[in-house]
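Each of the next two complexes has chain A plus one other chain: chain B in the first, chain C in the second.
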Partner chain A sequence: MRPADLLDFAWQVLRGSPARTLLILLAMGIGVAAVVLVTALGEGARLYVANQFGSLGSNLIIVLPGRSETAGAMPGVLIGKTPRDLTIEDALALKRSHAIRRFAPLIIGAGNVRAGALSRDTPVLGSTAELMDIRNMQMAQGRFLPEGDPRHSQPVCVIGAKVASELFGSRAVLGEWVRVGDRRFRVIGLLAKQGESLGFNTDEIVIVPLAAAQALFNTEALFRILVEAKSREQIAHAKADVEEIIRLRHEGERDVTVITQDAVLATFDRILNALTLTVASIAAISLAVAGILIMNVMLIAVTQRRREIGLLKALGATGQQIRLAFFTEAMLLASGGAAAGLAAGELGRSIIAQVYPAIPFQAPWWALVAAPATAVITAVLFTLAPARRAARLDPVQALSRR
Partner chain B sequence: MRYADFVSFTYISLRAQRLRSVLTALGIAVGIAAVILLTSIGEGLHRFVIAEFTQFGTNIISVSPGRVQTHGASLGAVNTVRPLSIDDALALRRAPYVQLSDPVVQGNAEVVHGGKSRRVTLYGVGPDFARALQMRVASGEFLPPDDPRSARAFVVLGAKVARELFGGDNPLGSRIRAGGERYRVVGVMQAKGQVLGFDLDDTVYIPVGRALEMFNRESLQEIHVVYEPTAPLAEVEAGIKRILIARHGAEDFTVTPQQKMLDVFGTVLDAITFAVAAIGGISLVVGGVGILTILTIAVAERTSEIGLLRAVGATRQGILLLFLGEAALLAVLGGTAGLLLGWGAALALHIVLPALPVHTPWSYAVLAELVALAVGLAAGVLPARRAAHLDPLEALRSE
Partner chain C sequence: MIRLSGIARTFLVGGEEVHALREVNLAITRGEYLSIMGPSGSGKSTLLNIIGLLDRPNAGIYELDGGNVTALSDDELARVRREKIGFVFQFFHLVPRLTALQNIELPMVLAGIDPAERRGRLARLLAEYSLEERASHRPDQLSGGQCQRVAIARAMSMGPTVILADEPTGNLDRHTGQEVLSVLERVHHNGGTVVIVTHDPDIGARSQRRLRMLDGAIVSDENG
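Coming up: the complex of A and B.
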């Protein structure tokens, strides 16, 4: 039989029982659509996290006080205190490295911001003018903290959009005075809305000069130093420089942890990819179930079409050709189902993307290839047994029995 | 038709096409097995996390400075304009139902002994810390009940620190340097292992007042309050808030009962388990489509048989029930097989990977079986209706 004849033959069979064909397409389609949809969700989450890290700034290195010997002990390092503080002097010493473009020391704490009779608890950030460039922040009005020696401060602050609207309503905020803790600051800038970024909402913060934050929280210790390397290639250099400079300043003791953004991002990437893959394979179980259905229906077809197969064989069709006819049928079913599934999955994805526009839902290319491929391969695998049974039919018996 | 006839008829028609029935049931079985296995893993994780937390006792409330929450932790633990002091912790002992209150500050410091040094997590705590968190001392004793504001320079070592610094020697009575100050070792804690990725043995405990001085800070990170297990939580919380507001003039702190944290964790884990089970459940739907397909074929094949049954007096309802019963039986058989399969897989997984907690919740198993039944019935409706509405004359003639 020619390939065209094979296709035509399989097509006639499929058209012969439309209800059966449609149901198998439905089963395959559900499986493929589930895989596509689930991987789109996973990939969306991954891209979302990657974007969030990107919005933190590029070529970023984070220096935090304290170091731990055991790998798992992150919580202690993340918020704990150390006997030897990371100070402004440490941060300024980083200027010596050639690999570093700029840096911003950071102090963070809980503060109480008041304007008139209104009061609100917000995170308070102490930093320098460089923070804006490093974190890619945008101003809606006014300007960011002034440049200058971080050891001295002016009583000025920059506030987030939500803080502004809650304290001042729709009034103009620039030039107004707010009270943070027991100090007064003049508002010189309003941050543009950026929304949530890694659990940290820039709409709800107040940024004050570093020295003011030190006085406010009565501490010398920096919470972090954010360092921007000159280029991607310089990150490793910058990291080594930071470690060395601070070690020399701390009497040879290595008591800081230096994290590169890439390392953190790579970890997240790995975890989310593994999760996506796991969930996709769970969804792919349904493809196996659809494969079982195809096998079942093919077996029935072999029984029902006994006479037809007998006739084909009597006319000179070989076992090989009979097998091929069945495989063609299975492949047509699987690819039809896969196409329907891809379309349905894409439709579902665009609906979800409409509902949550913030997250870039996008099925990864490997899922778009793997899901249909798995469908076709399962279909062929599960047709092996029925096709064999059909090919082995004895033409005389098949034709003689009713 | 009598009930017994009904059952035997269904059974015979399933047996007549043995391979077909087995394959159809297998579709459902795979779906159910996936759901059971996934929920087993989910429930096991849930129990594991809860056990990790409750080993410190459940009647704990933690009070931290500042009211802003990020990442689920209070930002006030880092820096705050309204510090929580040791005196606040002592005052909280007067709150109703409160048994203990324990001030905590935590940091990272180097401990040195005889040429060996190690960077560890350092806890500044009160004398009641071990009792509050139900941690046991292996040798020696925990910090003595000094006045926490001016305690003597004693230190208690975590199991791992003691092993790393002293090897096999007895550390009791030795002097070590922690964060540049000298301390005398009075006790070694029992090994506790990792709790949620946080090594509790790589720690040292010193009096809280000295830790505040060492870290040059004035605010505690949190205060652990232990209340009587039978006391009403709301009243305990209210009592704590009343005392602290009276001392601070405003509510500038966060009160988090352990119980609330457990509830949050439970909700999150349940949601994840449910989502994963639902994804596994897609196979169940595909299995349902399988039943639908096979029954549709069966109705077409057995047209003459149905016509005969109708001709000898079977009602439409009888035929409907017959096919529905067949669908339900297939689904339930598949469901039972899937249940055993999933359960066995969970057990096997537990034997191969003892670290992975697995627990099969029976409520889920029953639910899965009911869902299988529902899927079977739903899939059976269309073919059964078609069979019931066949015209007996036409059906008989199709022979």
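Coming up: the complex of A and C.
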């Protein structure tokens, strides 16, 4: 039998009972569409998290005072007391590493910011000029903090968009003076609106030079040191350098925690991948159910088409040809259902993407391959038994019944 | 051309052995028109199924066109059946979802014959059995006589060695039956070998050679 004739024969069978064909296509289609949709949701969530981390700055390493010995707890926060502070000298010592491009020490506190009669409480960040590049900050007007020795400072500050509009309304802010606590700062820059990135809203902060913040909050201790490695490959090297340099400075004690962006991202990646796989496998069960449906339908077909199978054998069809006819029929059903499912899944995905434009929903390529492949393979596997039964049918008995 | 020697076939019915055929010896030569008659249960259909390679004998040797076909595998039998045997059944056995044309084409499709070659043969068969106007009709749109003509055209499509007809008029009225019979007789006149199983003595009387069967054995074999 020629392949084209085989396809044509199976096509005639499917066309001969449209209701049966449509129902199986529906079952197969729902299974495939479910897998595509579920994996698109999972992949979308994963990409969303990855993008959020990307906006933090590239190749970022975060140095925290204190060491987390027990898993899960934020070091230095839940323990209450850190053994040794991170100081500006610790930060400056990092210059020795060749794997580090730049770093920015960070102090955070709450301050009362006033301009004229208006005042509000905002988070106040003390840092250096490097913060801008490390955090990928954009300026709307003016410039960022000036470069120079972080131990000495000028009385200047950079403010977020929301702080500016609340204190100055629509007036120009560059060159104006604001009072933070008991100190005066000249506004030299206005941050562009960036919104929230991982719990940090740059629209609502005031950034002052590090030394000014130390005086303002009366502390030598740094909250964080943000470190940028020279390249992605250098991250591990830079991390080791940071640990080693600070250990030497802290009399051989490992009392800081170094977090790489990669590590955090990898954790999220693992969680979301596991989640996607789990839900996708649940969706894949519906494919197996569709396969069982195909088997049932084929078993019924063998019974219903006894006479036809007997006739085909009388006309000279070999067992192989009968089996092939059944497989072709199942393959057509499965691939038709898979195509319909892929189309429906894509439609569903684009609808959800319209509703949540911020999240990049996109089914991963492996799901787009695996879902239809699973559909076809289950269809063929579940047709094995019915096809065998048909091929073994005794033509004399099959033909003798009316 | 067809030589059966010592063919026996037994069935197990409810744990009891039933002898459908006992020691049947039969030779059929090319171009013969032969009828097999006998009461139901006499083994005539079993004999036809064995000649048609649908059934295997328990004992004996069957030679077709000089070759022993008794020991062939199922798939080899299917191929021999496709090339050398044409079946015509009492209940037509047309595939209901296929058109008359597609039904006639079926053996050629199974044999994997080239579509261009198939078209040529189909045109000739449709003309020969006056089915041109019915080519695209499905079996439920055809009369019984037309259905049986489609079945005969299908049986002839591979140019078989022998046409085996099992009660070909059994499901038709008298007039249509005569018509179908004359179609089969035309096959015979054109040099084909035709074997008809029937219990209608009038039909049996029209054939050139008449076998009578009783209890699984051939009891008479008349010629002329």
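Following the convention adopted for this analysis, the second predicted complex is superposed on the first by the 328 of 402 C-alpha atoms of A that agree within 3 Å, B and C clash if a C-alpha of one lies under 4 Å from a C-alpha of the other, contacts with A are read in each partner's own complex, and residues count from 1 in each chain.
The working rule: contacts are C-beta pairs under 8 Å (C-beta built on N, C-alpha and C of every residue); 3 or more make two chains touch, one makes a residue touch a chain.
Keep in mind that this is a model prediction, so the values were computed, not measured.
Counting the residues of chain A that each partner touches, chain B and chain C differ, and the larger count belongs to B. By the touch criterion defined above, A:A338 lies against neither chain B nor chain C after alignment on the C-alpha atoms of chain A. In the superposed model, A:S286 makes contact with chain B only, not with chain C. Shared-chain residue A:A317: touches chain C; no touch with chain B. Contacts of A:D121 after superposition on the shared chain: chain B is touched, whereas chain C is not.
When the two complexes are overlaid on their common chain A, residue A:E220 makes contact with chain B while staying clear of chain C.
Contacts of A:L393 after superposition: neither chain B nor chain C is touched. Legend: residue contacts after superposition of the two complexes on their common chain; A:I30 is shown touching chain B, with no touch to chain C.
Overlaid on A, the two complexes show chain B and chain C touching no common residue of chain A. Across the complex, chain A is touched by residues 19-20, 23-24, 26-27, 30-31, 34, 38, 65-68, 70-71, 73-82, 105-110, 118-122, 160, 179-180, 194, 197-199, 202, 214-218, 221, 250, 252, 276, 279-280, 282-283, 285-287, 289-290, 292-294, 296-297, 301 of chain B. Considering their complex, residues 1-2, 5, 9, 12-13, 15-16, 307-308, 310-321, 395-396, 399, 402 of chain A touch chain C. Those residues of chain A that touch chain B in the shared complex are 19-20, 23-24, 26-27, 30-31, 34, 38, 65-70, 72-77, 79-83, 85, 107-112, 121-124, 180-182, 199-200, 213, 216-221, 223, 253, 255, 279, 282-283, 285-286, 288-290, 292-293, 295-297, 299-300, 304. Residues 49, 52, 54-55, 74-75, 78-79, 81-83, 85, 87, 89, 91, 93, 95-98, 102, 106-107, 109-112, 115, 154, 158 of chain C are the ones that touch chain A when the two sit in their complex.
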